[in-house]
Structure formats: C-alpha cells, structure tokens
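In what follows, a structure is listed as structure tokens, so that the remarks can point back to it.
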Amino acid sequence: MQLYPLKLVTVVGETVIMREIADEGIKFGATGFTMMDVEGHGSRSTRNVMLVTGEAKTRKLEFVVPGDIAVAILAYVSHNYFDHYACIAWLSDVSVVRGEQYLGHKNG
Amino acid sequence: MTPLLPVAVGLLGVFSADQIGRIVESLERNLLTPIPLCFLLGIICTRIHGGIKIPKELYYSIAIFLLMSIGFIGGHELAHEYQEHGVSTIWKPALATLFLGCLTPITAYTVLRYVGGMSIADSAGIAAHYGSTSAVTYAVANSFVEQTQHPANSFLPTLVTLLECPGIAIALVLGAALSAKERAARAAAGGVGRPGPQARQSKLVEALYEVMTGQSIMLMAGLLVIGFVSTMFMDETGFQPFYDFFQSKGMLFRGLLCIFLLEMGLVAGERLGDLVKVGPFLIAFGILMPLVHGFLGAWLGHLAGLNLGGCTVLAAIVSSASYIAAPPAVRLTLPEANPTYSITAALAITFPFNIAFGIPIYFEMAKFVGAE
Amino acid sequence: MTPLLPVAVGLLGVFSADQIGRIVESLERNLLTPIPLCFLLGIICTRIHGGIKIPKELYYSIAIFLLMSIGFIGGHELAHEYQEHGVSTIWKPALATLFLGCLTPITAYTVLRYVGGMSIADSAGIAAHYGSTSAVTYAVANSFVEQTQHPANSFLPTLVTLLECPGIAIALVLGAALSAKERAARAAAGGVGRPGPQARQSKLVEALYEVMTGQSIMLMAGLLVIGFVSTMFMDETGFQPFYDFFQSKGMLFRGLLCIFLLEMGLVAGERLGDLVKVGPFLIAFGILMPLVHGFLGAWLGHLAGLNLGGCTVLAAIVSSASYIAAPPAVRLTLPEANPTYSITAALAITFPFNIAFGIPIYFEMAKFVGAE
Amino acid sequence: MTPLLPVAVGLLGVFSADQIGRIVESLERNLLTPIPLCFLLGIICTRIHGGIKIPKELYYSIAIFLLMSIGFIGGHELAHEYQEHGVSTIWKPALATLFLGCLTPITAYTVLRYVGGMSIADSAGIAAHYGSTSAVTYAVANSFVEQTQHPANSFLPTLVTLLECPGIAIALVLGAALSAKERAARAAAGGVGRPGPQARQSKLVEALYEVMTGQSIMLMAGLLVIGFVSTMFMDETGFQPFYDFFQSKGMLFRGLLCIFLLEMGLVAGERLGDLVKVGPFLIAFGILMPLVHGFLGAWLGHLAGLNLGGCTVLAAIVSSASYIAAPPAVRLTLPEANPTYSITAALAITFPFNIAFGIPIYFEMAKFVGAE
Amino acid sequence: MQLYPLKLVTVVGETVIMREIADEGIKFGATGFTMMDVEGHGSRSTRNVMLVTGEAKTRKLEFVVPGDIAVAILAYVSHNYFDHYACIAWLSDVSVVRGEQYLGHKNG
Amino acid sequence: MQLYPLKLVTVVGETVIMREIADEGIKFGATGFTMMDVEGHGSRSTRNVMLVTGEAKTRKLEFVVPGDIAVAILAYVSHNYFDHYACIAWLSDVSVVRGEQYLGHKNG
C-alpha cells in the first residue's frame, strides 16, 4: 500500500459562489473536486440567498491537491470571497492511494 | 414618512367612499380564500415555531409546474387570439410592458438612493428585484380576476416573460457602472488575485445571460411556444389531456398553488424578524412603491388596450418584486449589497402586501382608469 | 398467552356465525383493492430484496397532501354540519375522543408494564405511540366506509386532530415521572455535564410543544380552519377546484394513497425481521390491544351519536398507533426506551393488521353496538 | 457506411411514394405535440446552457408513477381481455416478445463486434441496452397510437414487462463468458484481493437478480397484478378514482410525461457532445439497428395476432434501448465496457430518433406488414 | 497565506439529537457549524427512528474551533448522548484561513 | 476527555460500487460507516452512469478504523476498483471519543 502525502482543501460557503471556486480550483491544477449540499450556520450566514429555489443555501467543496496548489486555492478564496460572502476554508493532511495521479497540472 | 407616502395616499385618496367600500369587500373576498389563507398559515407556523416543513424538492417541483402551466396556457390562448386578431391586439401591451420593465428599476433606484439614502450597491440590488417580477404574484392575480369573472387577456403570460429580464439588467448595469470607481480603488488596495474591472464586467455579462436563460424564462417562454404550436396543429381530443393538466383554473394549478403559498408563508415568516433590521424606510418602500408601480401598470395597460382583468394582472406583476431570478444575479454582481434588505423587502413586505391587499386595490385602480 | 387474549376472543366470540361470515366477506372486499395490495407489494418487494425505492421527498410530499386534504375536506364538511346543526352534534363525539385519547395510553401502559413486564421507559414509550393516532389509518378507514356506502360523519377529521396530542403527552409525563428516581440516581453517578432533572423537564415540555405544533396537527387543524372559512365565504365555482384537488374520494387522494401505502409496505417489510426480536408478547399486544381500543372507540362513538361509518373510523383511529409524531418525541424524552419495540409494534404489527383486518372488524363491531 | 444501411434503406425502400407521404404527415402530427416538443426544449436548454433544472426526485417520482400506471392500466385491460377471451389471444404475442427479447441482444452484439469491431465488453454492454427496453418509449408510442385512434391491444404492458429482462441477461452472460479468458489472465497478473472468476460469476448472478427484481419489473408487474385483481373484485364506482389517477389517456399521465421528456431532453442534450467521441459507426448503429429490430417487432407482432396499434407499440419497445435498468447492471458486471458508448447510443441517438421519427415509421411498417 | 491551527470536531449521530448538539456547540463558543444528511451504519444504528418523515435518519455535524472548545464539545457529547443514542465523534487538525475569526467567544 | 488515535478512511466514487465497498469495509472489521451523496468531478467521472435514476451519481464513504484495517480497506479499493471505476481514496488521522469501541473485530 503506497500512500502519497497530499493536502485536503475544504471550502464551505454560500451556493452562489461555489461552482466558480470549483472551476478555479481546476484551473489552479486540481485534478478534480467533490461537492455536496450542507446546512450552515456562521457569523454571516444571513447573506445566504438561495432561499426559494431547489438548491441548498450552502455547499461544501473538497480538493485533494499538493501543498502549493492548496495554498493557491486558499489564497484565491480568501482574497476574492472572504469580504463579501459567507464562507470558511481550511486545510488538512491526507495520505492518498495512488496519490501521484493527483499532483495536478500546476498551470495555476 | 417619505415623499412616496403622499403620492400613494393621493392615489388612494382619489377613490370615493363607494370605491373604498368595494375595495374592502373585494379584500374580504380575496383574503378568505385558500390561497392567501395558506400563506397566512405558513407565517403563523413559523412564528410559533411549528413543525410544517415542505421539502424543497416539492416546492421546486410546484414552481416548475406553475411556470410551465403559465406558459402553456398562455401559448394556447395566444394561438386563439392570433387566429382571430393577428398581432394587432398584442404589440401595444407588449411595448407598454417593456417600457415599464425599463422604468421601474430606475424609479426604484432613485427613490432608494436619494430618498432613502441607501448605498449604490444596495439601491441597485433592491431595484433589480423590483424591476423584475414574481410569477407567483402573477398566478394569484390571475386566479383573483378569474374568480371575479373578469379573466385577463390571453397574452398576459407573454407579458410576464417580457417583464422578467430588462429590469434586472438595467439595475445591475446601473449598479456596476456607478460603483465601478469605488471598487477600482478598493481593488487596487486589495492585492493578489482580486478580480479587476474586467473580471467584474465578464461576471455581469454572465449574470445577465444567466437571468435571460434562467429557469423562469426558459420554462415560460418554452412552454408558451409549445402551447402555441400544439394548439395550431393538434386536434382537440388529443390536446385535451394536456390542457386539463396545465389549465390555470383547474384543480392542479389551484391546489398546488395552495401548497406553494404555504411554503412562501413559511419563508416569509422567517423574514418577518428582519423587519426591524431593515427599518421603517424600507417597509414603507415595500408597500408604497408597488402602489405607484401598480397604478402605472394599470394605467398604461388600459391605454394599451388591456381589459379589466388584464390591467389588474399587469399592475400586479409590474408592482411585484422578483425573489427567484434576481437574488443570485445580484449576489454575484453586487456582492457589497446586503441581501437581507432586498429579500426582506421583496418577500416579507411586498409579496404579502400584494397577495392580501395589493391585487384587489389594483383591480379598483384598473376600474378607476376606465378598464372594463 | 396474555390476559388480553380471552378479552379479545371474547369480543369476537359474541359475533354470530352470520356476522363472522360478513366479516370474512368484507375482509375480502377490503383486501382485494389497490390500497392494501400496494402495501402488500411493498412488503413482498422488501422481503425478496427487490428494487422499488420511493424517494423520501415523494413520500413526505404525499404525507403533506394527505394531511392537508383530510383537514380541508373536514373543514368543508364541518361548515355544512355547522350551518345545519350548530355544535349540537359535535361536542359529544369530541368529548368521547378526548376521553379515549386519555384512556388508551393508560390502558396500554398498564398492560405493557404489568402484563408484559417491560421496563418503565419502554412501556411509556410504546404507550405514547398507541395513545396517539395514525393519519394514514384514518385515510384508509375513511376510504373503506365510503366504499361501503356508509360515509363517516363530516367532523371526523376534527376528531383525528383532537386525538393526536393527549395520548403522547400523558404517556411521556407518566414515563418521565415514574423513571425520575432511577434517572436521578444514575445522573448522580454520571458526572459532568449530565442533564439534571430540570434539563429533563424542560426537554419534556419542549417535546410536548413540538408534538402539539408538529406537522400533523398544524396541517390538519390549519387546513380544517381554511376549509371551514372558505366554504363559508366563497361561492361554489370558486371553491370547486380546491375541492376537486383535495377531496378524499377523488383520484389524487386515492391514487397517492396507493403510492404512500407502497412505501409503508417497504418500510414495514424491513421491520418484519424485527418481529423475532420483539417476542410473542409484543406481537399479541400489537393485535389485541387495537381490538380492545377499537371496540371502545366504536362503542363510545355510538353512545356519542356517531353514524356507522363514523363509529368505524373512530374505532380505527383510536386503535391505531402513531409512527410519525410519537417516535421523535419519545426518543428525545425517554432515551432509555428501545425504539425497535415501539416502531415494530406500531408499524409492522398494528398498522398492517388494521389495514387488512382491523377496519372490517371495527365495521362489524360498530354494527354490533348498534350504529347505523 | 455499414451493411446495416442497405438493409434499413431496403426496409424503407419498399414503401411507395404514397406511404412515404403518409409517414411525413404522421411525423408532423407526431412532432408538433407537447411530448416531443418538451424533449426538444430540454435539448435546446442544455445546448444554450440554460437554467432549467428538474429535481431528480421529481423526475424519479414521475418514473415511478409512469411505471405504476402502465402496469395498473395494463392489468385492468388484461382482466377485460381475459374475461372475454381467456389466454387464447395472449400467449402467441407473449412468445413472440420473448423470442425478440432473446434475438435482439444477439443481433446487436454481432453487429457491434463484427461489423463495428468493438471490444467484447463494449459490444456486450451495448447489446444489453438494446436487448432490454425503455418504458418511456412505450409510453410515448402508446400515446401516439391512441391519438391516431388505433389503441394497442390491452396486454402490451405485459409484453413490456416480459421484454425487460432476457435481453440484459443474455448480453451480460455472453459478455462475461467471452471475456472470461482475458480477465483470467489479467487477474493472475493483478495480485492481492482481485476478484477471481468465482467473484465475477457471483456478481453476474447478483446483477441478473437485481435486474429481475428491479424497480421497473417490480412496479410494472406488481401493479399489473393489482390492476387485474382489483378489476375482477371491485365494483366500478370504487375502482373509478384509481382508474382516473393511473389512466394513460388521462391528464396526469400525459402531463407528467411532458415534464419527464423535458428532463430526458436535458440529459440527452448533455450527451450530444459525446456524439463526436462515439464516432459515425455507433451513430449509424443507433438509428439503423432500431429500424431493423422495429421491423421484426411489427412483423412478428402481426403474425402473433396483434392489432395495428399493438404492432406499432411492440416495434417501438423492441427497437428501444434501456437506459435505466441496463446501465448499472452492465457497469457492475462488465467494468471494462465504456459507459459513454452505451449511454450515448441509447439516450442521445436511439431514444430521440424513436420519439421523433421511429414511432411513426413503425406505424407505417405495421400497416405495411398488414396489421390493422 | 496566513493559516491558523485549529481543531475540526466531527459528530455523526441520529437526527433527533443533532440540532441540540449544534446549538450547544454555539453555546460552548463555536462561531458556526456545518451540518449535512448522511446515511449511517453502526453498532446501534437501529436506534435510529426518523423512519417515516422526510428527514434523513442520520446527520453529520462539523465545528471548526480552538482546542479547548473542541474538548468541551466532545465531553458534552460523550456524557450526554453516548449511552442512549447512536453517535460517534472525533477530532482532527486543520489549518484555517483567517482562522482568528473562529476563536470563539469561549463562554462555555 | 480520553481520546483514542484512529484513522479516517475516505472513499469517493461512483454510486454503483459504493455499497459493495461499505460492506467489504465491515467485513474487514470496521464497526460502521457513514455514506453520503456528493457531486463529483475527476479525470474519469464520465464513467459515471447512474444518470436517470433518483440516485446521486457519486457517493462519499467514511470509516473510522484502526490503522491496519484502514490499510486493508485502501488496498482492497485500490486493487479492485481503481482500474475501471471512477474513485479516489485517502487516509487521515483522527482522535476519537471512546475510540476503543471502534477497534473492530479484525476478521479481515
């Protein structure tokens, strides 16, 4: 079992911005992402506006990426969304099976 | 409280005691029916922390049905109208509607910015909501005029579709243009990765495209065409089950509207707590602005040749505020705007006001300007 | 097996051969209809690991529709009753229902604790389920009596609403009081952060409030008022589509009930495996207790002046056990109670028994006590 | 392009100019109705990145309703047929259908493997799809023949159920057997934990069991029995609301079919982009194979005694490809098969072709072979 | 990119108790939470009773909090729910963007 | 607060295989699992076929297990599904409340 040390980037935020962040993550070099509906409560969550559609108000997004791409994604999120949108983002360590696949194209 | 007040009071003031009496009567007739009562039940339930929970998929599915139904029946009636009169009866109301779609975001912006003293972003954001329209308000208004035996002209759904976009577009462009400088300054200070003016602009274009090809327009306009085409080419027996399914006087439409309004009540009830946050100006705005816009709608509608029901419904949709298409578009393009303001105004003030009081008032307004 | 058995056999024993024959016949008439057959299909599907999967949103949406429908049509019929007789025909059945709502949790608790020897928490937990009622059992019973041309009195939905709460409340208070000492002892030993008696009590109050303002009550009682008010104030043409949508003899109600029962069968099928776990006492309880409660319901219903259909339906709802409102309330307030017991009894024993056999038996019981 | 082409052109070539004219006419009559137009709307919406989103729960709920409806009404009509003719009219079409169910996966496999030169796994995977059937194609074909006043024989839903399984089974067994060697080799090289031939085989049995007890079969066959039994034992008034709810000419079935086709269009639209990937052979296969299978269906149907509507519908279902039951079964048992091929062919080529052009062509084919 | 080391508390349990735990977490000082529907299987999962409503039977709850609040939440969950309710709870290390916002009010 | 160091195994993959992996995890000795619907994008996600049913196309599965069971699960997933199915799997460190319960039966 060869495991590869990578980073897991997690972003939770209002639905309206999440697709954009996912696409940007791919541009930064992530090979994929995983997204899911959640219910959230935070300091700014009343900013959340997808009130009356079929979509969840809040979504959670995860990238498995090498450290440099992880930092690039977090910097992008912090600079572009933290001021005006409800969101939170964090990093953790993971050991990934066949992790060399997820090193990314690093064009970010 | 605001300059709007005298204008609006003036509008109501021109009614005679007799007319006021009729307004009260039709208020009663309107209020004590299942649709507004379900809305009320939703509000009560939220306020007492009751347990009604409509799954969002049900709510969303009903929305899809209502939009399809409005479009399909609209297309069907339009085909009859077209077969009888060509486009002669339609082009004037269409122009009037487009004009109102361009006018209302501007009036709303002006009042919000210069009377209410709100920020550019907030004013533009709220104006985008009031420039667009609420399909449910259309559905309720349509039910109302049908119940009063004054059905609206057949092509009203076309007008709803026409009204959806321009208002949002104008308000967003206005907001983007006016706050460009402020943003440029902040962006300069902001550092790495911050979207420059170009990113902003491309986002605006994207948001506008999304509104124009959004769920509401696609379903209403799409089914309008389908209803039109099938009416032209199908025989009646084949067409009947589709008609029965979608028809707006039918049990499905009316019954599902009850469930929809119940959920709207649940959501609006949650927002009632925010009324304190938004303050008296916005509360007044949420009631008086629709009265002004509604009067314009009834009046121009009459000038354009709409019947009594048509004027009432046009007034209702012009006065109504969008809470489906507008919020995400505004959120994306004017992130500084506080969504609490716009959603509370649209959903917790204007929508209930229109459902309960506005529609009967527009009916009397339409009579007053001479529609029949 | 248990003292209940002779009582129940006694109840059935008083029937003559002729009456038994009629029971069998109406069993057949009842069983070979789509609603119980769909339930059966669900059970079969689960047992053979088949692939039917009803999305929970559909299931839940149907539940909402059924509750609204029961309430709305109830309110409509109540308005007619009220216009004709005032409250004179209603207050006695209402009192009888409340009395049964208070009695049944106590009989159930007594039998479970002292005959079955179950723990305080388990006895109280199960008693809460049997003290409350199942709206779907109501719907099926109502369909049954309508099909036998003996429609129930109009105000039965009101009685369903009245029956929902008191039973749960009494059982939970009972359970909380009786197990307070045990808990106090354990809590003393338990250490940091453990909720003391006060936390427990506030949780009880909370749970009761949640039951009283829960989905079932809010929708049934809310729509009952709406149905009542709209019947009083609307003209018939306006009212018709709402009536068509909600009416319990209509295609929507009956058809959706089929889909609902299919899902109930799927869920009950999964629970069948637990029958072994719960043991013979609880199986007997799940069949005999309803027969006893059902007989009381039919008898008191008759004394209170209900007609044949009304007595049958009252018997069915009194005998039925809740599996929507009760479980979470019990889970929160009596965490030591094992939910497998109560849910299996309510859902995998009593519910199918009532649907398949109970309702026709209650019909004969109602005839037996003289209802017509 | 492929040997299929001349065969298919030949099939069409035997039609006279007059017949071609009638095909065009019934194409027009078929295309300009809400059901295919909604499909088209879905495709357009996806291609312009429009915002229509049907919640998957709604889509899935409609699928459940359609399957139940097909079964129930089928059982109802079957009961009438049975009461009048016993099984004399049914056994021949049933045999013909089973035969076609066994034949079509083999013809499809042969063409794919030896004409198209595709891999064993891919050929078997696609053949499993074309050996099975699409219930929605059935529903649309049924609506078509009802609209042309040539309703199909009552027991067609029985045939749909019969057609669902054998094709998938045969194709999967074929694929598993033929690629066993290749797999064995790779498994030997693969190392720890890799499932050996036995694991494969047990997976195959599992997948076949899952297809046979899957949602489609359980609902259609289950409701067929329920519809049959209730028709035999219930009186008409009691049966009526169930009939109204499920009936395939009714507003619910037709209306919900529109929404369903809208979603199918949205999904198929996404797959249109894959047409380039799958290449010209598979595109030709997706159009010509159904024409061949459809002709066989119409012809054998006629020999077995089906009426004009029945032959048309049998042709449509034999020619259609499954995209619900087959994909997961193929994915589990033939993981090397690329799902893009099978799904694109079934959903983005054959399904739209059948809906728009196939069904009217099969109608003419059925006339051509002498059905009436 | 300034990242702040914090703890991620994850609780998975039967729906009936999860809202309460979320509220309690806020009382202990968490600035927010993220909750989602899951499907669960464990040693006691048959205790799960939200059988016949529209809700999921099991939910997952996450708090991003400083270590002391994390421990307080875990202690609360352990003491109050582990005996009678189906649930599991764990802690992991995360590095949070602008993490100083999530230090909490520590009134627990 | 006694916490027990364990491993969190996360698998994200196409729905059709996830139930099987969950069952296999239990066989390897996991005492339970948590599964949820997600939306995924990766290098092979077009393989995803649950297109026209009510199920999500992609699911996420989590096991809290001791290290040896974690490795066994990852090896199983890697060997059996990585070649032909869209999926990703990783490992991370967690501290589990009353973690001794989750040591598993280790019959894998």
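Per-chain residue numbering starts at 1, and chain names A, B, C, D, E and F are given in the order in which the chains are listed.
Assume a contact is a pair of C-beta atoms (placed from the backbone, for glycine too) under 8 Å apart; a residue touches a chain by one contact, two chains touch by 3 or more.
What you are looking at is a predicted structure, and each value in this text was computed from that prediction instead of being measured.
Novice: Can you tell me which chain lies farthest from chain A, using the average of the Cα atoms as each chain's centre?
Specialist: So the farthest one, by centre of C-alpha atoms, is C.
Novice: Specify the chain most distant from chain D by Cα centroid.
Specialist: Comparing chain centres, E lies farthest from chain D.
Novice: Which integer distance in Å separates the CA centroid of chain C from that of chain D?
Specialist: Comparing mean C-alpha positions, chain D is 43 Å from chain C.
Novice: Which integer distance in Å separates the CA centroid of chain E from that of chain F?
Specialist: 20
Novice: Distance-wise, how many Å sit between the C-alpha centres of chain C and chain F, to the nearest whole number?
Specialist: Taking the mean C-alpha position of each chain, the two centres sit 41 Å apart.
Novice: Can you give the whole-Å distance between the Cα centres of chain A and chain C?
Specialist: The answer is 47 Å.
Novice: Note the residues in chain E that touch 2 or more other chains, in rising order.
Specialist: 36, 54, 75, 92-93
Novice: Among the residues of chain B, which ones contact at least 2 other chains?
Specialist: Where chain B meets two or more other chains at a single residue, that happens at 53, 55, 57, 60-61, 215, 252.
Novice: Flag every residue of chain E that touches chain F in the complex, lowest number first.
Specialist: Residues in contact with chain F: 10, 12, 36-43, 45, 58, 60, 71, 74-75, 77-78, 82, 88-93.
Novice: Considering the complex alone, what residue numbers of chain D touch chain C?
Specialist: 55, 57, 60-61, 64-65, 68, 72, 210, 213-215, 218-219, 222-223, 225-227, 229-230, 232-234, 237-238, 241-242, 244-246, 252
Novice: Inside the complex, what are the residues of chain A that reach chain B?
Specialist: 14, 16-17, 46-54, 56, 75-76, 79-80, 83-85
Novice: Can you list the chain A residues touching chain F in their complex?
Specialist: 1, 3, 6, 8, 22, 26, 31-36, 64, 92-99, 101-102
Novice: Hey, which residues of chain C end up touching chain E in the complex?
Specialist: Residues 56-57, 59-61, 63, 190-195, 215, 264, 267, 274, 323-324, 327-328, 331-332, 335-336, 338-340, 343, 347.
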